[in-house]
Structure formats: C-alpha cells, structure tokens
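As written, the chain order gives the labels A, B, C, D, E and F, with residue 1 at the start of each chain.
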Amino acid sequence: MDDRYKRALETVAKINEAGSDRIAEAMGEIAPDFHRLIMSFAYGDINSRPQLDLKSREIATIAALTAMGNARPQLEAHIIGGLNTGLTREEIVEIIMQMAVYAGVPAALNGLMAARKAFQVHDDEKKTSQPRG
Amino acid sequence: MDDRYKRALETVAKINEAGSDRIAEAMGEIAPDFHRLIMSFAYGDINSRPQLDLKSREIATIAALTAMGNARPQLEAHIIGGLNTGLTREEIVEIIMQMAVYAGVPAALNGLMAARKAFQVHDDEKKTSQPRG
Amino acid sequence: MDDRYKRALETVAKINEAGSDRIAEAMGEIAPDFHRLIMSFAYGDINSRPQLDLKSREIATIAALTAMGNARPQLEAHIIGGLNTGLTREEIVEIIMQMAVYAGVPAALNGLMAARKAFQVHDDEKKTSQPRG
Amino acid sequence: MDDRYKRALETVAKINEAGSDRIAEAMGEIAPDFHRLIMSFAYGDINSRPQLDLKSREIATIAALTAMGNARPQLEAHIIGGLNTGLTREEIVEIIMQMAVYAGVPAALNGLMAARKAFQVHDDEKKTSQPRG
Amino acid sequence: MDDRYKRALETVAKINEAGSDRIAEAMGEIAPDFHRLIMSFAYGDINSRPQLDLKSREIATIAALTAMGNARPQLEAHIIGGLNTGLTREEIVEIIMQMAVYAGVPAALNGLMAARKAFQVHDDEKKTSQPRG
Amino acid sequence: MDDRYKRALETVAKINEAGSDRIAEAMGEIAPDFHRLIMSFAYGDINSRPQLDLKSREIATIAALTAMGNARPQLEAHIIGGLNTGLTREEIVEIIMQMAVYAGVPAALNGLMAARKAFQVHDDEKKTSQPRG
C-alpha cells in the first residue's frame, strides 16, 4: 500500500468512512480501479494537506455541492462528514441557507432537504453503533 | 434607514466595502433599487446571522463561486472578503485547489487565476490606503 | 407582521400557496427561520414589484428552472404557479420546448416531464377543492 | 430556400437581425453549415410557432441565459431582441433582477451588466440607422 | 415524410430506438409536436452528418451528459447508444471516469451509477429480444 | 521523479505540452504544488490509462468543456490537444456543433468561437516552430 492511499484511508476515516465504503462497493462491479484512484487524489493528495483543517474543508465542500445542485448523494455524505469533523447541525444549516444568496433559493431549499435526510441517517448510524445491554 | 440595511452596511464593511461600492455605482444607472434590495438580503438577512462566523462564511462563498465557475467578478470580490475576515492567502489557495475534486480541474485553475488577480488588487489597495509621509 | 412579509403572503397566494405551505412545513424542523426570510425576499421584495406582471414573472421562472435543470420540485411548483397566474398549459409547454434551443434537448425533455406531473397535481388539487354536494 | 429557413429569416428579422448577421459572419470561416442549421431550428421550428408571442419568448430566453450565466454574447443579443419585440428597459431589468431569487445574486448582477452593455449598443444602433440631414 | 425525419429515424435506429420510442410515448400526451421536431434536429440535422462517425458522436454525448450531471435519463439512453454503436463497456466506463478530471469526482461517480443501470437495462433488453425456442 | 508524474509528462507531451507549461508558469507564483498534483492525477492516473486511446479522450474532453461552457482557456487548450492526437479541424467543429443538441445553441456557438481562436494559435505555433533557413 503506497503512502498516498494510506494517507487517504486515514483522512477518510475522520470524515465519512461508511460513505466511502458504500462507494467502493457500488464501484466494485463496474469500475474496480476507480475508487482507489479517486480516494488517493481526493483524500491522499488534497483533503489531507495540512494547510487547511478538515472542518473548514467540509464547509467548502458542503457549500460547493449545494450550489452546484447536481450531486445529491455526495452532498448528503459530506453533510455527515461535516458533523464528523466538528460542525454543528446549526452551522451546516447556516452554510446551506447562505447558498440562497450565491446560487439561488432552489439550490438552498434542495440542500436543506439533503441535510434533513443526512441528519436522520447520522442519527440512525449512531443508534446502531451504540452498545446494547 | 431600516435595521436590515443598517446591519447589511455594518457586515459589508467587515467583508469588502470597496467591492460593494463598485456594484452600487455600476447598478446606479440601470437598476437603482437593486443594490439596496440585495445588500439587505445578502448581508442584512443572511451573512450577518450570528450562527456562523464571517470567516467560515467566506470559505463557503469562495468554494461555491469557484465551483460554479460563472461569476468571476464576484469570486474576486469574495477572495478579498476572505482576506479581510481572517483567511490567509495560503488557506484561500487551498480552498480553491480543493474544488478540483468536487467541480473539476478547470474550475480550480480558473479560481486560482481569480485569486492571483484578487491578491494583486488587495496589495494595490493597501498601498494606496497607507498614509504618505 | 412587517410589510414585506405581508406583501409576500399576498403575492404567494396568487401564485402557489399550497406549494409554499409544503416548503414551510418541510423547513419547519430543520431551518425554522429560512421560510420567512426567503418568502420575504422572493415574494415581498422581488416578485411583488409592480414593474412586471405575475404572468410574465412565471414565464421567466419556468424558463430559468427548466434551463438550469437541477431544481425539479421548484420547477413543478412554478408550473402550477404559471397556471394560477394566467398561462395556459399550451403556453407552458411552449416555454419549456423553447429551452431546447438555449439549454439543450435533455433540459427541455426533463422540463416537459415535470410539466406532465405538475398538470396532474393541478388536476387533483382542483378536484379535492371542489365542493361536494 | 425551404420553408423552415424562410420562416426563420422572417422571425429573426423581428428579434435581432444584426445579431444573427454577426453570428453568420463569425461562423462563416469555421462552420459554414452551422448558421443555417441552427437558424432553421431555433427560429424556423421553435420561436416562430404561434402558440406563444415573441415578447413572451424573449422573456423566457433572457431569464434562462441570465440564470445559466455562461452565454454572455447571446444574453446581450436577446436583451436587444427583447427591446425589439416590445419589452421596455424597465421590464428587462426586472426579469434579470428576478433571477437573483432563482439563480443567485451573482447571476443577476452579471445579467444587469450585460443589459447595461446591450442598452448602449441599442442606442448606438438607433443613432447610426437614423437619417442624417 | 420529409427527408430530415427519414434520416433521423434511420440514425436513431442505429443508436437507441427503444429509448426514442419511450420519449415519443411520454411526450405524446403533453407536447405531441416536440418529439418529431427534436428528432429531426438532433438526428436528422446533426448526428447523421457524415463528418463524424456515430461511435465518436456517442463518446461526445456520454461525456457531455456526465459532465453536466442534470440529465440522468438521457445519459442512460446514450450509454446504451454507445454500446449499440460499437463502444465496449470498458470504454464507456473509461469516458465517464475521465470526467472526474474535467467536471469533478461527484459527476463521474453519478455517471458510473448511470452506467451500472444502463448496462443492466441493456442485458435485460437482449434477453427479451432473443428468440425463445 | 515518481512513476505517475513521469507517465503524466509523457502523456501531456502527446496532447498539449505548451499549454501545460503555461499553466505551470501561471500557477508557479500562487499554488506551486498544484500543477504537479493535478498533472499526476489528470495525465498520470487517468488520461494515460490504456483502456481508451488519446484521440477518443480528447473527443470526450472537448465535448464536456463545450457543454459546461465555463472553462474557455481549457477548452482552447484541448482543441489544440485534439489536433495533436489526430482529430481533424472538421471533426472538432462537428463535435462542438453536436453540443447544440445536448447543451444548447449558445454553448455550441461559444465553443466554435473557442475553436476559431485555437486553430489560429495552432497555426501560429507551427509557423514559429518551423526552421528558418
């Protein structure tokens, strides 16, 4: 395992490991090389650079995906990534609301619907990962 | 002057007052009501909300405008806004580089060209605003 | 209740009140301030201005949302808004078809699918709101 | 000359003939068939259909091109087309302002800058086409 | 039947006739003229031109629709069109992966999900069209 | 020099080395790490993969950048890349014309203007690189 991929796995573990695993599984049948290539680039080369903290990086990603409005699954995954790197739900809602100014009201509304869904997924994951008994 | 507009002016003063003045002047001839309407919404209603600090808001705006790639003058204005609210040049470059992952390499390259221009404008403005001897 | 919000409610009542109520409900749990903020801006500040009639405004909104292609729920809501402000179904279909020229054939096809759905919703709403006697 | 192309020329003559001539000239060297193909489609097949008047069609096109934000020359040409089919400057400004709600404030600001330029071109064209003496 | 429409039908028969039939059916109720107009333009005027082979044309269309990210049904239809004009599954996956560079990783991921679905549809169509004996 | 970067340089040499050098120079002052990172990803990881030939890859990139319409410098660079990997001018014009169907007429027109400029640059570069004797 090379350094970039190792760094990628460590970085993803802090953001949204379950989300990455789901992508790996979905890509497995159709584009088996792709998951490792993009993981190494996105998390090994870029998101792991020390010049910006992960919380600030998730602000940037949530804002961009909300504004673009054509990547709903990835937006939901990074809203969970925002929670995992220290953003509060209130802050995430605020970032998405702000996109009404820069990308229009529909982009913000659809982003908030994604947040509602992602917060629910996050709640469900916490419940199932808690010790029972 | 109503509260929203007053709050808008106070918030813009912390981000990029010169940029806002240039828009007001450009809009003056053609859409005289528009500057006040959008200032009140963008800065009076949204960006002045206490739920998120201005530095984080500028991260979100720089990321979104880089990703959308069709609002160069506004991107340059908010790169200066980022500097004015506490982001370093290195952090701004990092936010824009990160967009290569989410919006593609051309969006990041064009965003970096905007940053190069905005940093130069920021240098020039500092020089002209310094007291002369 | 301030003047902007009052004006917003009056304007929305002419366009698509049921659609706005659904947004208010969906936003209620996650971003309780957002509905009033954007209603006041979108309908209190902009769409209620006397410089352009509501029918022309709905032409503009249906065209823009079809062309952008990333805001399906809002497009459906404004197709109903178009019917409520005096556009015929034939005219709405024509506006969307025209987008094939400016935003490409897929944008127009997907817009027409949204129209098919919205026309059905409009039919259903009329039936349920009719007196049964 | 087939019917579609004849109908296209008649329709363009009502919208912005000078703009179409400039495109024909620019395309002449590089894609000589393209001007006639797209003219026949855009104006012969679509914009000349009697189901919607030309003024309403220009509202739709100005709105869409402002919202997309990546077709500045075509937006300027259709702002002139709007003036030629009966929209007032005030109405055109209003359509573009409205896009702040649906596509974000930067799209509206850049659309208004296009309008400022197109209004100036329209003034200049009227001057040069007036009889002197 | 005019020449353009005849040429369109012949060209569509080589790309994805079943997909075109589904569009014709969906449009039938709401925009009965539209299918023939856009077929004549897209396949009669453009895609049938001898200057570029159909396989190269499908590369271009798959790439563009993946990059735009807001036309999923049309992307799936053209992935099948790619298979029908001589692209292998491996080549199609490669075209979509490449869009990670130019339009971002989410666009590529969502394109690959469309490919997974389209390959399945293609498998199913082949099964049902085989003689049972 | 690692393998990915070496492979990237070899691949870029076949596409558009002068264009890559200009980016390296522009990035040098502001984001010195970025050129190598994206070169390694775009050309070392993706475009050098043997599953698709370079000519087909340039068809995909020219189509995508024309359709997106917000990356003019990169579109011009890849039109030159298309010429360098075996596409004729006529084929490139055809790919761009085809985008009128999928991304709208303005996207195609602006792409053709980019091609006109890139063909001129290509002519000029050939002249200056010829031996003067």
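Structure notes:
Everything that follows uses one rule, which is that a residue touches a chain if its C-beta (ideal position, glycine included) is under 8 Å from a C-beta of that chain, and two chains touch if they have at least 3 such contacts.
Since the model is a prediction, treat every value here as computed from it, not as a measurement.
The chains in contact with subunit A and with subunit E alike are B, C, D, F. Different-residue interface: subunit C and subunit E share under half of the residue numbers found at their contact. In terms of residue-numbered contacts, D-F and A-E present the same interface, as over half of their contact pairs agree; the other options in A-E, C-F or B-E do not.
With chains reduced to the mean position of their C-alpha atoms, the one farthest from subunit B is E. The geometric centre of subunit A is 41 Å away from that of subunit D, both derived from CA atoms. Centroid to centroid, with C-alpha atoms defining each point, subunit B and subunit F lie 31 Å apart.
Between the CA-based centres of subunit E and subunit F the separation comes to 25 Å, rounded to the whole angstrom. Multi-chain contact residues of subunit B (touching two or more other chains) are listed as 37, 41-42, 46, 65, 67-71, 74, 93, 97, 99-107. Residues of subunit E touching subunit A in their complex: 68-70, 93, 96-97, 100, 104-110, 112-113, 115-116, 119.
Across the complex, subunit F meets subunit B through its residues 23, 26-27, 29-31, 34, 37-38, 41-42, 65, 68-71, 73-74. Considering their complex, residues 67, 99-107 of subunit D touch subunit A. Those residues of subunit E whose C-beta lies close enough to touch subunit D in the complex are 37, 40-41, 45-46.
Subunit F contributes residues 41-42, 46-47, 49, 51-52, 56-57, 59-68, 71, 74, 90-91, 93-95, 97-103 to its touches with subunit E in the complex.
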